[in-house]
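The first chain written gets the first letter, and so on, giving A, B, C, D and E; residue counts start at 1 in each chain.
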Amino acid sequence: MSRKSRVKKNIGLTPGTIVYTGNKTIEEINIDVFNYTKTEIEEINLNLIEDSFKHKKNTSVTWININGLNDTEALKNIGLHYSLHPLIMEDIANINQRPKLDEYEEYIFVVFKMLYYDKDKKLKIEHLSLILGDEYVISFQEAEGDVFDTIRERIRNNKGIIRSQGADYLLYALMDAIVDQYFLIIEALGEKIEYLEEQLFNNISAKDLPLEIQNLKKEILKIRRSILPLREVISKLEKINIQITSKTKDYLNDLLDHTLQVLENIEIYREMLWGLTEMYMTNINNKMNEVMKTLTIIATIFIPLTFIAGVYGMNFDHMPELRYKYSYHILWGVMIIIFFGLLYFFKRKKWL
Amino acid sequence: MSRKSRVKKNIGLTPGTIVYTGNKTIEEINIDVFNYTKTEIEEINLNLIEDSFKHKKNTSVTWININGLNDTEALKNIGLHYSLHPLIMEDIANINQRPKLDEYEEYIFVVFKMLYYDKDKKLKIEHLSLILGDEYVISFQEAEGDVFDTIRERIRNNKGIIRSQGADYLLYALMDAIVDQYFLIIEALGEKIEYLEEQLFNNISAKDLPLEIQNLKKEILKIRRSILPLREVISKLEKINIQITSKTKDYLNDLLDHTLQVLENIEIYREMLWGLTEMYMTNINNKMNEVMKTLTIIATIFIPLTFIAGVYGMNFDHMPELRYKYSYHILWGVMIIIFFGLLYFFKRKKWL
Amino acid sequence: MSRKSRVKKNIGLTPGTIVYTGNKTIEEINIDVFNYTKTEIEEINLNLIEDSFKHKKNTSVTWININGLNDTEALKNIGLHYSLHPLIMEDIANINQRPKLDEYEEYIFVVFKMLYYDKDKKLKIEHLSLILGDEYVISFQEAEGDVFDTIRERIRNNKGIIRSQGADYLLYALMDAIVDQYFLIIEALGEKIEYLEEQLFNNISAKDLPLEIQNLKKEILKIRRSILPLREVISKLEKINIQITSKTKDYLNDLLDHTLQVLENIEIYREMLWGLTEMYMTNINNKMNEVMKTLTIIATIFIPLTFIAGVYGMNFDHMPELRYKYSYHILWGVMIIIFFGLLYFFKRKKWL
Amino acid sequence: MSRKSRVKKNIGLTPGTIVYTGNKTIEEINIDVFNYTKTEIEEINLNLIEDSFKHKKNTSVTWININGLNDTEALKNIGLHYSLHPLIMEDIANINQRPKLDEYEEYIFVVFKMLYYDKDKKLKIEHLSLILGDEYVISFQEAEGDVFDTIRERIRNNKGIIRSQGADYLLYALMDAIVDQYFLIIEALGEKIEYLEEQLFNNISAKDLPLEIQNLKKEILKIRRSILPLREVISKLEKINIQITSKTKDYLNDLLDHTLQVLENIEIYREMLWGLTEMYMTNINNKMNEVMKTLTIIATIFIPLTFIAGVYGMNFDHMPELRYKYSYHILWGVMIIIFFGLLYFFKRKKWL
Amino acid sequence: MSRKSRVKKNIGLTPGTIVYTGNKTIEEINIDVFNYTKTEIEEINLNLIEDSFKHKKNTSVTWININGLNDTEALKNIGLHYSLHPLIMEDIANINQRPKLDEYEEYIFVVFKMLYYDKDKKLKIEHLSLILGDEYVISFQEAEGDVFDTIRERIRNNKGIIRSQGADYLLYALMDAIVDQYFLIIEALGEKIEYLEEQLFNNISAKDLPLEIQNLKKEILKIRRSILPLREVISKLEKINIQITSKTKDYLNDLLDHTLQVLENIEIYREMLWGLTEMYMTNINNKMNEVMKTLTIIATIFIPLTFIAGVYGMNFDHMPELRYKYSYHILWGVMIIIFFGLLYFFKRKKWL
């Protein structure tokens, strides 16, 4: 995440001012429109916001997907056409907006985060806004490329029950597709932690481990922040009676369950990562202990021996031991006894 | 748990698609059916789902136990026959589903986890789904072999009150049998922790202790995740008035109590394990202190002595001490005094 | 606590089966019966359950105290006579049952834990069950010897208001006597922690401190588990309107307050114990620092000096210094300057 | 706090027995009585409880302040005269009673703790009980000397609105005076922590720091225990409609706010103290690192040099180097190169 | 924050006494008044409180901004003129007052904290009080210079919807301007933490890191304390129906959302900072390990070699090895083998 994107860019502006706070610039807004009933389907691709307005029909479910948030003028037009609240328009363009649900009289506004790892295994967080109105859904994305292809497929080929349901089911299907992706994130996290554990317990180049652990901690914090509010968002959705049918609520319940499962896993990974830092500390201390033992054993054995050798290297005129014929050999014997005696001592102390 | 089973396999599929996410493949589904009233009992074993349908009777309590979740076609048929919601069928086959209770108009759907240690002392978590309908219970298991034999015995021999109660009591009895098993898990955990404590405080090969502690921490996290949601599941059950009689609620209350007792023990073990990591750190530091003391004592005693010996090993032409007759003996005296003086010093510092 | 008592012994048995899970075997059940009104009192001691039945009168408050839970047949008889729910009878005999309150139509069932330290300063936890029915209280204990002697005295001598109150006040008085004992436990814990602190900060044989801290942590966890549920038990009691008079509720409120005070102290001791482990770590590190400083000072002073002595111990034919008359004395001067120079250096570094 | 005062002295006694659990013995109870209306004021000082009874008037607000709790007979008389519940009388004399509010039909009973540091900077906790009845307040203190002098002044000189308000405002004023004192406690705590921080980061005799931190932790725990329940006490007071007027409630709201502010500060100090222990650990480790570096640099430089000197101190008959004229000077050159080479090596490793 | 400002200065004073507890003294109070309707606008600057009273009109929205809290007499006059509660006046002047909302019949009283970093990058916390009455807002600041210039601009130039809304929207706009500033604080915090992380992992003069971490921890605690209560303040505002229109509530909802986002970030920074302390510890230990390894390798290699040299430096008359022609060369061979042998040993142990 670049430094610039961290801060709200619209400080001091009138509330409701539309400012795109992300960094994905596309030249032209790109709009997909789906119109479908149980029996019929129409799919249109446009580049002008204004064109999309006439494609909203009353007899079918309409899904208008808009890619590109940097053309704030176009966004403003949409807002005016669908009479969306200025604060909603601000939130659509503000990628720092946390997931939330706002209930208005004529529509529901939902913010979600799409999470995925790019090819460089870097975590990407994409801002997604959804409007559920009277038999239509409008989705706003930062750029093209999303997780909704399976849903498009299901609509085109009339797979599953999606074509026979209303716009609320479409909203659920979109959210479900996003939450499904979270399971991939969870799996990737699990693999990363297992990799760190392996490194730690097998001593393979564990130098960078603290940095990697710290980075993973930050990643988990970011993921958690993107997913945690969903719990409340979905619970709120389940309590709405106007736009959401009771049949869809069964599905939302299932979605909530999946979200909880994801969050549960995140908590477990947090605890495991925390334990890992502790294990790393333990590991260093264990190694230092090993190093110190080696030093101590060597020093304790050879320092006294060196002293003895030093004594008989002195140049006093009167050192009777120096004159005896076998004293050199006796001394070797003494030194060998000291050597093995100390070895035995360390063996018993379990240092060897 | 194999890497594959961690991730939801049905990402991107239509909600309600039945995908078995476990790895226990059985060739043929195996079905036990019990039909019992206070006075009569019928027990049938089948291999075809369709055969089981005709065994559901209205005048008796029926328990249909299905082993094997990999034949998704068969599961689909059951779902259609008993008009179970597609999401239920998905959850039955998805072994990653967390424990939960879903209330539908005509039946209650409950997911539980059976926990046990296999012969290799490895923790096994088995997925179990239960449907409580009008005087029938359907249970879905991954494979044969469960904890329900005592219940079968009680039904066959009309032991206890089970035969004179309705299907809700049967549901309770099944859940009770599972929760009973948790106490064995708890006992095994307690023994493992005691074993680690013994190892730690008796210094027996404590090398692998950090790894073992980390693994036990992960095990406790998994167990906790499987049991924690039961609290809510059972509380919800107690609030249901249609399928659950007030007499069974007394028993459910007791079951809730047992679950709380299990969870309480898990929390205590978590705290103990946490304390153990700390103790291990303390232990290493204590040992390192011991090692350093040994080194310091030896070095502090012999380094000055070696210096003195070195001085009189110098080859200056004019070193008057070298010439005196008793200087060698005097020097020995000095060195012995230094030796015992330092020993006394360390004694007073309580390093010895 | 012996290993056997940890696990529920009745795994797989029919719910409601009476199994004594403790290890106190008494040959004969021992029963005390009190019958009292404001003016009259009768006290009987029996060994047969059946005899006790006729002593229950309607015109007075009756307290039947039963010592010994291993005779499950006798327990069963009592259960039948007073038409107690089978699950209650199971809980009475199961010493692993946590404190709880069950409300039935005709009686209230309460489980408490009596805590005390035996002569060996070991924590003992005793299981106590109480039934409050229409003007009678039945208490079940594992063995003789309890904390109720002061209550017996008050009944016999008509001290305080106990004789003029109903059975609900008797129940309160019994619970109050137990909670009073908890204050002794709290005091003993406080003394133990103070003793550990003294040991830690005065360095008296602190070797076993980690083990003692770990053991005290476990003790506190057990005590907490025995007392924590009382909060809820007493709150529930205060909400019961049939068996509990509003006058007794004032007393229960006071009891709740005492329980909270005990729990508050336990939390404080937990935090203090936690801090103690940290202090111990700090202590070891401080000591190791001291040890390392000693070593470093000695080595830093003598290693260079020994090197110098070594240089002039070399046997080169041409070493001009060796020949000068005063070089030996000059060298001593140099070495003394180095010695005091380094001492001064360490002084300034505050290592001395 | 002396050891004796920690435990409830009245274990096993009838509930409601008055036992003074503190250690401040005064010979004679000392009683101040204030009677005031907006226009008139009467102030009396007595030594006999019975005398105070006649001074309670109905037409004015009466404040009876009683110093001395060890004369339990006198306390009993007060209890009887004002028909206070026996449990209240027990709580008044029991200085271990935590802060609380009991609502009775005719009066409200409040327990507070006065906190202050004595001249030796030791924390003192004083027990204070307040009874708010129909236009009277009775306050019970352990000994003379309190924080209410400003209130007496305000009553005597008709300062502020106190004389024109009822007894409920008097109760508020007393509690407000106590809470005001807490801010002094908070300030003293802040200074203590700052002092410890200064010591830590400036290395001034940090030897006793762990002990001082541990003591401060205990002090904070005690303070917190004395103040935390006030939150609930004041909230309860605000919900009472009989004795408390809505005008006083505005003031109570302000008092609650002050209490929250005090508690907030305590939490912040707790976190800071916790961080300080960590910093201390870091500090020791940093110092040890410094010590080890010194040792390692010295040893690494001189041990190889000493070895070289040792080699040429050997007495072999055939050591050609010894014979060359300049080998001694060459060797010095080599040793100087090694010396500076190693210095450069340590410089590059940033150890110097 | 100076030491003096920490403590409540008005201890012992009558509640409602106005005492300025800050340290910003301005000679003259400075007052800005805005009167605006959708079409008209009037802007006045005054120095006398009394002058401001006549500028409050009923047909327009009035914003009276008062800079300077040290003239308590002037504050008192305002309080009397607008009949504000004495406790409000006390809170306006008491800069230690935490953020809060008090609801009175005729007006709402809100306390906020303005946070910013001054040029020296020091955190400044400024006290701001707001009164929302019938179509007027009064704001009290400690000194001139605030974050409201953009709002003044919007009022003057009729930008946005502010001129067409009531006083409640003005209150919202002021609060929104303050919360907007928090995002700058958050960004600065993020940069500080990133800077510390960089320092830590790149080893750039990490000496002061513990002190900087501790200071940042304290800063975060202070920021958190200033922002945390806003959550409750805004929630309370949303529930007020008299002074707040439902249209403004949509905006307040948005404001609450921003506040939560700020708090979320603070929590994440707290966790990161905590992790950083741990990483620092790990880092020191890693370095110490490195140091110890160096020492051990050098000592382990050269101490035995020095011993050998010492042996052949002894002066025994009978040491046969000394006489052989090639023993010196053989010894060199042996020593070189030992040297490389030990190097190889350390290589295999991965210490090199």
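Keep this in mind: a residue touches a chain if its C-beta (ideal position, glycine included) is under 8 Å from a C-beta of that chain, and two chains touch if they have at least 3 such contacts.
Just so you know, these numbers come straight off a predicted model, no measurement behind them.
Q: Approximately how many whole Å separate the CA-defined centres of chain C and chain D?
A: The mean C-alpha positions of chain C and chain D differ by 26 Å.
Q: Using mean CA coordinates as chain centres, what's the gap between chain C and chain E in Å?
A: About 42 Å, centre to centre.
Q: Can you tell me which residues of chain D touch two or more of the remaining chains?
A: Within chain D, residues 281, 285, 288, 292, 295, 299, 303, 306, 310, 313-315, 319 contact more than one other chain.
Q: Make each chain a node and each touching pair an edge, then name the shape: line, ring, star, complete, other.
A: ring
Q: If you start at chain B and step next to chain C, which chains follow, in turn, all the way round the ring?
A: With chain B as the starting chain and chain C following, the sequence is B, C, D, E, A.
Q: Touching chain C in the complex: which residues of chain D?
A: 3, 6-8, 11-17, 85, 87, 90-91, 96-98, 100, 102, 203, 207, 210-211, 214, 217-218, 221-222, 225, 277, 280-281, 284-285, 287-288, 291-292, 294-295, 298-299, 302-303, 305-306, 309-310, 312-315, 319, 321-328, 331
Q: Looking at the complex, which residues from chain E come into contact with chain A?
A: 147, 150, 154, 159-162, 173, 176-177, 180-181, 183-184, 186-187, 190-191, 197, 201, 250-251, 253-254, 257-258, 260-261, 264, 268, 271-272, 275-276, 278-279, 281-283, 285-286, 288-289, 292-293, 295-296, 299-300, 303-304, 306-307, 310-311, 313-319, 350-351
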